[in-house]
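Chain naming follows the written order as A, B, C and D, and within any one chain the residues start at number 1.
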């Protein structure tokens, strides 16, 4: 393998730049040419390619976002779109791909591989930590810290005013950010997509807190859960509870950005090196993961059928600590 | 003067604890007893008082919120409520008051003084910087930095996806946070309560940015302006603009909390010392302010009739820089 | 078991307060009385005890340091000192101990147990991550992030001036902080206690960087390694290298403090709950660890004889990325 | 005026990039060509110039350091060196200069102007705030906040161990960072270059703190003062005081870097615009300053003979608050 294309796809996540940097530097170390592909599958179809040297990734390790930019491509979801992308790759003599993104990105590369035989390795990059086959995705550690820092600030004002706050965090299909931010933020309750939450029980719990002289409370809500949005849950609680003052904050996109933590930088760096090495060794159609502190190589079919849920024990811990 | 009561009132602001600490320490320095009054006027009416020594304010300088807590009292707005509060102050031999809060707090103390003769000094504590008679209020510097840090994170993701973000910051009647966060955040446009913004002009400006190959844009919106909320403005722009991807983030209450900046701690510390000193010198019915780097003592009547607007020149600067 | 004593010992680490809070809250959940012991073994000998309820641990989850304070006790290292401590524990009807600290703390509890039979569980709390039997110690994640944030700031000035910086991080016998901060900080070289570093090779590497047009470089040095301090290494390099401008920064104690990361808070919370549960189930003479994402209970004899080294593969990654 | 050169010189400071960006954008607004000069006077002599457009300053507003890099040039201190620099400027048709830096930078431009008549405006960029003619220099606000954040972390560990810390901050000839960080950090004493500090009085004060049951203390020391370094003062105190545990931390170069605060970004932005406007209006041989919230234009001779000292009243406040 001589020329490897690298790209980011789907929602951006802190640490993607560290992964790009590691791919480029490991590429140079192993004597490969690395070609950056802009704007994910969209740029792949359009041939928006640029050769990457050491200078091109200098001083990006600590930056949020992705210098290769990301986009969602509907065209690539069609065989025709993928054929166009393949033509571009062939034209530029790219004989392997490293993609950083979520399950959509993985699925795209899998189809490209099945249809056109281009080898690839996928790195899990998404703040939600909702990809099976890895204990951690690139970006999750940073996003959870960002959420917790915001929660710390909101706690200051909640305590000063004896208020009940509902704080909505990201994680459309996955409660990882919510449960970890909830334990770390001292939440009285955490509402995650994996579980149905009873408003009556929540109200009961909040009232008990009031009895224990608890003067303020935080409830963490993962966006998009079946129990409703933070706004909806707050409304229902308000109607049933005696709390005099209820507020809602939706953390939103600020959870996506910011300088990555050491953990995300190191994770992304290791995965980037492993991607170049494993692709060069002939591995393909896999997503790299870290499981029990070891790099693993997950076959597409093996993991994309599995669901990934938050650890049951984390829910238990959250419950014990929120007495 | 022997016994001085200190309290916080209205919305909490970072630096209030630094001000409380300064009042207590300056009190001890000048041989006064300092009595903490919990939950603003509500606690004053209920006699929720506690003597404060050095230990009671140890390790609070760097904390957001207010250890004396804050609340809004409707009862204190009536002469009867104020009479009750006065009885409590008399019963506890409190012969002077230092209140930290916004214009509502100032007005409350003014009425109490007019009706019952109890001397007071007010400190301007609010993140909005909307109080006349001072260049800066306690909390504004921290809140603006918090907003800017959030904007920096959102910029990461905006740049990665070529998105247009509308970011709503606090400042119901005042564009101070918005204009400063806008200049510091590199916003293409800042929408403040003091001005009517034309959606057509905004769209024109955004389209021009697109022509300059500007791949993403941030618009900062102060909450509660007559031009509408961030959500409403985003909706209108979406209908008229060619941008393919528009997002809204409402920063909300996280702007209230967090460790105060050095500026807010120093401002609060100086004002706290000045409050004890000026009350002891016989000043009353005044709000302390900092104007051109000097402490000033504003009479209630003099400033509460003035409006306070963002500097015209700041709007000009924002415009020049957002080409 | 009815009354459990909890204390912190050795150097403080971010997350110790989260562990104390978890012990107290889990204690209440499981109907135990929790007694706080101030200043580690010193306070144990002096009987400096205080009962802890929910209020006593409110709003401490996010704070660095330890509210129970820590101290090093020489007296406790003698059988006489431990006998005194035991008398105090007996007098206060404490029938179990949870200690949070490093290997010195573990050793102390082990001797107390062997001599007086008082059951205990130890939690690994130290920023250095130098305790065998656990993948992570409480405080390591935060300290490494603190180091990386400082390195990011220093990189700004290094880049602006084309300077070579030697940055000394904590980790007297262990290179964990150094190697992780080095990878995350984009260091050209990492010098750890586990390895002898050749100054000639380092100089060669730095000169190569110069050839690649690399305009500035960071070298991370763990304190107390056999290769010398950052100051000494910088001096030697200066004598041999052509770099025109060399600076040294010793990060020092700021790495100990600060609000813990979500990871340290969650780790400390889980370990605190596990400590109460395992002590109640009859476990004793163990240190709790987290290995491959699972709680483990390490017998004193099993782990205290093992060394703990940084992962060989991390050194390899650091080398590949620093081309 | 058609072509304006912009450069940074001396020690870098956070906000320099915001100033460069403002110069470039205001330049475009007013229809000027802006030429970036790399590495200060060194690059000016070598003709290391590059035209700057909007793209060249995109996404730099929030970055520490200076994208134009800085260097100290001994050659420029000679008339011959300045003649060479002038030749380069003439060759590239540069008919005005905007320099961002400290008093050395200002002096350099002044000589160039006197000898070769090239108009210039200087912006005060240095973290030390030691330049007369302005209330604030670009970078001071950020550096002081960085120092205070580090002090907050050190306080955590100081409190946990009842320790006395000596913390050395930057400010070789000026106590601005020290006095402000001292008030904001709750220091028991602040040692600045402007004043001789008596070790005996310091020890007395520290012992009094011990009597008040104060369990830990921070002393802030400005580097390079006549009272000695933090290390030297700590040593002297140790010999005379009863404190059992004394530590020293030298914050060093991390105070130079990091994302600028909103204040520094806004200050730099306004000054950058004012520089372009005033140069275009015919002003020259001046340094822009902000005094009492207004832009002022200081003639070289007027300010370079003045000393700049910390406010006496700040010392008084620090003393009252450190009881």
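Keep in mind that, in the parts below, contacts are C-beta pairs under 8 Å (C-beta built on N, C-alpha and C of every residue); 3 or more make two chains touch, one makes a residue touch a chain.
What you are looking at is a predicted structure, and each value in this text was computed from that prediction instead of being measured.
Relative to the C-alpha centre of chain A, the farthest chain centre belongs to D.
With centres taken as mean Cα positions, chain B sits 35 Å from chain A. Once the centre of each chain is set as its mean CA position, chain A and chain D turn out to be 39 Å apart.
Distance between chain B and chain D, defined via averaged C-alpha coordinates, is recorded as 28 Å. The residues of chain D that reach two or more other chains are 152, 155, 159, listed in rising order.
Chain contacts in this assembly form a single closed ring in which each chain touches exactly two others. Those residues of chain C whose C-beta lies close enough to touch chain A in the complex are 18, 21-22, 25-26, 28-29, 54-55, 59, 61-62, 135, 141, 144-145, 147-149, 152, 155, 159, 180-181, 183-186, 212-214, 259, 261-263, 265-266, 269-270, 273, 292-293, 317, 320-321, 323. Remark: chain A residues 8, 11-12, 14, 63-66, 69-71, 146, 150, 152-157, 159-162, 165, 215, 247-258 touch chain B in the complex.
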